[in-house]
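Same chain, two partners: chain A is paired with chain B first, then with chain C.
Coming up: the complex of A and B.
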């Protein structure tokens, strides 16, 4: 069949023609190309953002009143406010930088700042809970957040709170300042621009939003007239790459400058490549094991205490959590004031067995453990299952998606669970303890489902008291830290049902060509100073 | 007299016309009923699944007030039937609603992801049918010989190898090692937003804009995922073609034709192949329809922003507005392909009227 052979040859020539040798890939000098899994990038509204991915994009579209120095985590530096004063009653007064303008070209005024913070509370979304910690609610924000004059924004006190807590928090995404005039044009039925801002931007950041196609691409363009100086990159392109190995290939090939959410094996592989640098953002949450004290066995402190000895923390951290977490023994990390060494997790299988026998469970018992069906949760759950099996505790792992795993925990209908607290970096002991050990109302209908201690149905009134007292100290940092230490100690002595396994690490890979790409532990990494070397 | 004839013919004509209309009406009613049941079932199954999309929207650490507010805003606190009624009313007004996760209009999203999938599926089916059919014919004609075994082996491998694995190996070899093709996505990222979006099909849009650089970037990006998908398609189409052809080649008319002195090529292509065209149309149409549903694994491996990924992500979090809209579209695609196949039957086989 000569014709058939001719066809085959023709096809081969055609394929060869289209697969022309693509020139060795290298991203353009003036464009930053980033790969990430965008499944959790669900909104660009700063007041409703809840993920690592959305924070990164929002940080470049908006400015916050204050910024965190990425080189010195916890150090607050000027943002839109060039200076600030703490008045004797705890009121904060911010003086705005006169150069600051929105991308619309309008000067930023104190009224814009007041509007933005009022919106954060009134919208009733994620940012609200943040401000509610300090006593602000929809009824009082109009008085408490106000413009003294065009350049001076005042944040009055609602309940006594250490000013450093507020200053730190204002460096995060919920402290973004929004252009109220642009929002007004897109407002629908008094929604304060909620519908529109979910996929558009009205900020003053170094980049403008060209387009965001969910689970596909985000295109940002340089805002040439950025008040903080013209960004070096003309465009920033972020592509949805759900498959880690594809992302790794693109990084190695030079088609990507930065890659997020790579799996552990790919991080290890890339670490050997001289053209790639691996950075690790440490400290934006904990991987934990939680027990419900509504369960008859876990209601007993002696069972919880024994169980804590059963887990081989070192092995889990060295093997399963490699590249995802770093060892943690208690809920205040080592680099945060308030940390207590030699407290918390200890692995001692003998004590574990003895403790269970003393509690009357020498024969063990059976429980169900909830876990996300993804890495590293499922692997962590399996490791815990094996550890507990040695002590005679039979664990059935039930894996599922976010709703199936966290849903029952939020409803307090579970026995055991593994999970991760996902809030952005907290550089103060208060944030860490509040999420994990604080529970001011243990009733079911209190619905404090954002607090891990409430999820575990575990209330320690003395810990709550110490926490409240500490938060209200406005003039003595040493005393405040001391109270957090006491609270942590008390919590650890009470056989807590929430056990930290690892402190969260977010590793990312970047091209060695990049200069000035400094990851921020609060996920507010800025891309405007980034440059590329030849 | 003339009038009498006219009146005698008219009722018969009218009956014929009416029958035609009623047949059309009947088909339309059955299509609409099918679509309605499809929507109802998908919606109810979706709502009965123990998935609560609210946590996907607010994140696992949200406080209860935010959770409840979002749940109410999304209408998920209403009874299922009431939710369905609202959905149906919107649907009849041509409104598919918004996605729960991002709050964007579903139709806008679909208008973006569907062309990506159609483009990939079309290139795939051209490759799949273009190579699969001749291969199948070749194998049938050479039955039992080396060529036949080789084609069957290729088909077997195409059927039994996981497609994501072939995709990944293909990327490692042709993209990372040899540099012959582009990486993930539909374009090299830095070519994004250079040509205006007219049809949504990048290959066409680039040609319309006359930008050959973007066109080649799109070609080098589509060639690998399309080839990987086409491999599976070639495996299927060649196997079916082979068996159709074997059946025809054993018929007496083939022997007669040969006895009459018709050339071997003439017998194969003008006699035997002509008779399997109608069946092949069905096979190719169904294969194409299957691809239009989106190839989730390939879309994931290649970061291809298509329909399959869109639908799967929605299914995972229980975003029923998206799932129902996508199901409807898939239903419509199959109905449309059926209609087109029917037309092609008539074209290829004059006996069908």
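Coming up: the complex of A and C.
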């Protein structure tokens, strides 16, 4: 009998729990709840940020010298610097906003800015490559980045680089300004806070880091005295939700305000919900197919040229890449200066077959294609596999995790691969072209694995020369763009082993309750102006 | 016809067999009639026979190619044209499941063929000879048994590289130890039997005794064990496929199909459900047949 009663109570509790669950959940009015897959959130060090996820969190902990206007991509607006001037020799002078203070309460000085940029170069973290590209290295940063006075920071020229490139880049995460006094307290063996900053923050942003449990949760608390005005949200909770469908259900129920990294099917499902708004951040990476020119077949330009005709770009973009990317035919998209219409991808199965036959491969050949085992890579690989099968090229797909897939590509030991170049949006042709066409040193031990052309063992000295020349032009925008155009054209005419398939898009879903949530294409979305309405 | 079959039945059930062959056939008949009296076992057998039939004749049975994509007809619900609907690349799910039966069946067959002899030999040798050979062989067996089979298979595939052949090798490596143990137990109980002693007194070598007299007597229980294991083999293979470590795309492996279908569970339930049901029915069938076979082969049943 007691058993029976216990059962009954249990059942009652269960029913109550279920009923409560059914009731409409709602996130608190003054808290923003964001769901994302945190696997790639591996550090909070602004100079080592490497992912969409880490950019978003860091953007709210730190301020950058300049900001990009989320409503007009490409437009640079004041951040910590209220104004800036470009001197005739290309030197940049920034005047800091006198209101700006760190979360520690200390005024931000030009010395802090200089320290931050010097750290970016000296530590050799990811940010270094960024600055190395402009000629800065550990030996010269102490002279090149300096405080002229308390309020004026000077960035001298190391190698000639168009100032607009630098200004744009400083709006991103690597342009964050760090509190050197707080860092000094946690420094170990002169590591400039490298160990401590990976999981802590010392910035001036609108939110402070309250808690971060990797692969679980990030809690940000409002920094009441934020110099840019008190944030509306008292707290931001970022939750680790690796399953897209969980995110979707929670968004529909109102347990989440924003959801990142949803898969295509769930984006389509949520788009039908009147309480959810789908927004798309256009990224500057490409989903691409890459061939290694070390391979005897792909070493032949005729084969590469023919192969480009084999792929049904339209169908792949319409179906497989829906919500992940938009159609791309070449490496500079239509809205960027330097775009050339009518070059690049064309689907023509007849030309594909003819081209392969002319190259002496009428019977085709077999190749291995590397792909991540996740969406949309595996589907893209399968679609390409079928396209190539029609042309007689037998493709075996090998799926794996990041290391298994990108590892052989970085080591230049592969035949075919699909992947994605990951970077935040670029508004300049340089950023679009460089990672794909530039390869200054084609030796195996040069280890330029972040350059796709190097991965493909593909070097075009003339393209390199044009790229170097273009970057160095500081005073003539039209001429600079013209040089990028020439570089692109030359690259496309040389039967490149890298075929762009889609331009990266990062869709996210947000609750219709949110006001002022404006996604930034540079992944520097700020959460301090976000409000909720009912 | 009826008298003939009656005659056959009488011949098969007569008390005194005329020859050794007669006795063997009588034995098979007894096993079969015991098996046939178990309706669940028969149902399982029917499913397995159907699976074999499909696997053999799939080129004529499948309405579409399992690889042909139609990006304009993706994620279609089951309808007259596509009885089980289409997947995310517009491939006919029914055709893919039918072709997938070949993969499943070949995994089961190859693993069984690898595993049975290895387990039998290791077990019989260990059981008959005893001593240090037994110690060494059994410790190795226990080493393999101390891991959950899926984890061990995962580790092997991760080390060897993900593809179907490696998955088969990995599954085989995890499946032989239980059989070896079983065979050892059987041969332990057999080696002091009178008829074995008789053979030994006639001067037969130990190896001859193991191969010709002990191993054959272990076979029935090994067969039962393998049949029961087949369900496990199917599930492990599907598990590896689900994790992307088995058959690689676009091969229509059921586990991999469930894995893709999971992404569309909320909107397009059929993509993951159909291959999932196939796995369910086939592994259920192997379990039922294994059970019925155990009952049928057990002489104590009489």
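As a working rule, the second predicted complex is superposed on the first by the 511 of 534 C-alpha atoms of A that agree within 3 Å, B and C clash if a C-alpha of one lies under 4 Å from a C-alpha of the other, contacts with A are read in each partner's own complex, and residues count from 1 in each chain.
Operating definition for what follows: a residue touches a chain if its C-beta (ideal position, glycine included) is under 8 Å from a C-beta of that chain, and two chains touch if they have at least 3 such contacts.
Not measured: the values here are computed from a predicted model.
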Overlaying the two complexes on chain A, which is it for chain B and chain C: clash or fit?
fit
What is the contact status of A:450 with respect to chain B (first) and chain C (second): first, second, both, or neither?
first
Going by the contact rule set out at the top, does A:292 touch chain B (first), chain C (second), both, or neither?
neither
Which partner chains sit in contact with A:379 here, chain B, chain C, both or neither? Use first/second/both/neither.
second
Included angle at chain A between vectors to chain C and chain B, based on C-alpha centres and rounded to the nearest 10 degrees:
40
Could you say whether A:214 touches chain B, chain C, both of them, or neither, answering first, second, both or neither?
first
Quick one: name whichever of chain B and chain C touches more residues of chain A.
B
For A:398, is the partner it touches chain B (first), chain C (second), both, or none of the two (neither)?
second
Would you sort A:323 into first (chain B), second (chain C), both or neither based on which partner it touches?
neither
Pick one for A:239: touches chain B only (first), chain C only (second), both, or neither.
first
Once chain A of both complexes is superposed, is A:419 in touch with chain B (first), chain C (second), both, or neither?
first
Can you give the closest approach of chain B to chain C, taken over C-alpha atoms and in whole Å, for the superposition?
5
What part of chain A is shared between its chain B contacts and its chain C contacts?
245, 249
Mind pulling up the chain A residues that touch chain B in the complex?
1, 3-4, 7, 11, 15, 18-25, 27-28, 31, 33, 39, 42-43, 50-51, 124-126, 128-129, 132, 195, 198-199, 210-211, 213-217, 219, 235, 237, 239-243, 245-246, 249-250, 252-253, 255, 401-407, 410, 419, 421-423, 435, 447-450
Residue numbers of chain B touching chain A in their complex, please.
50-67, 69-70, 99, 101-104, 109, 112-113, 130-131, 134, 138, 141, 168, 171-172, 174-176, 178-185, 188-190, 192-193, 216, 219-220, 223, 227, 265, 300-303, 305, 309-310, 313, 316-318
Which chain A residues qualify as touching chain C in the complex?
244-245, 248-249, 263, 265-266, 268-269, 312, 315-316, 318-320, 373, 375, 378-379, 381-383, 385-386, 389, 396-400
Given the complex, residues on chain C that touch chain A span 67-69, 71-72, 74-75, 88-90, 161-163, 244, 248-250, 263-268
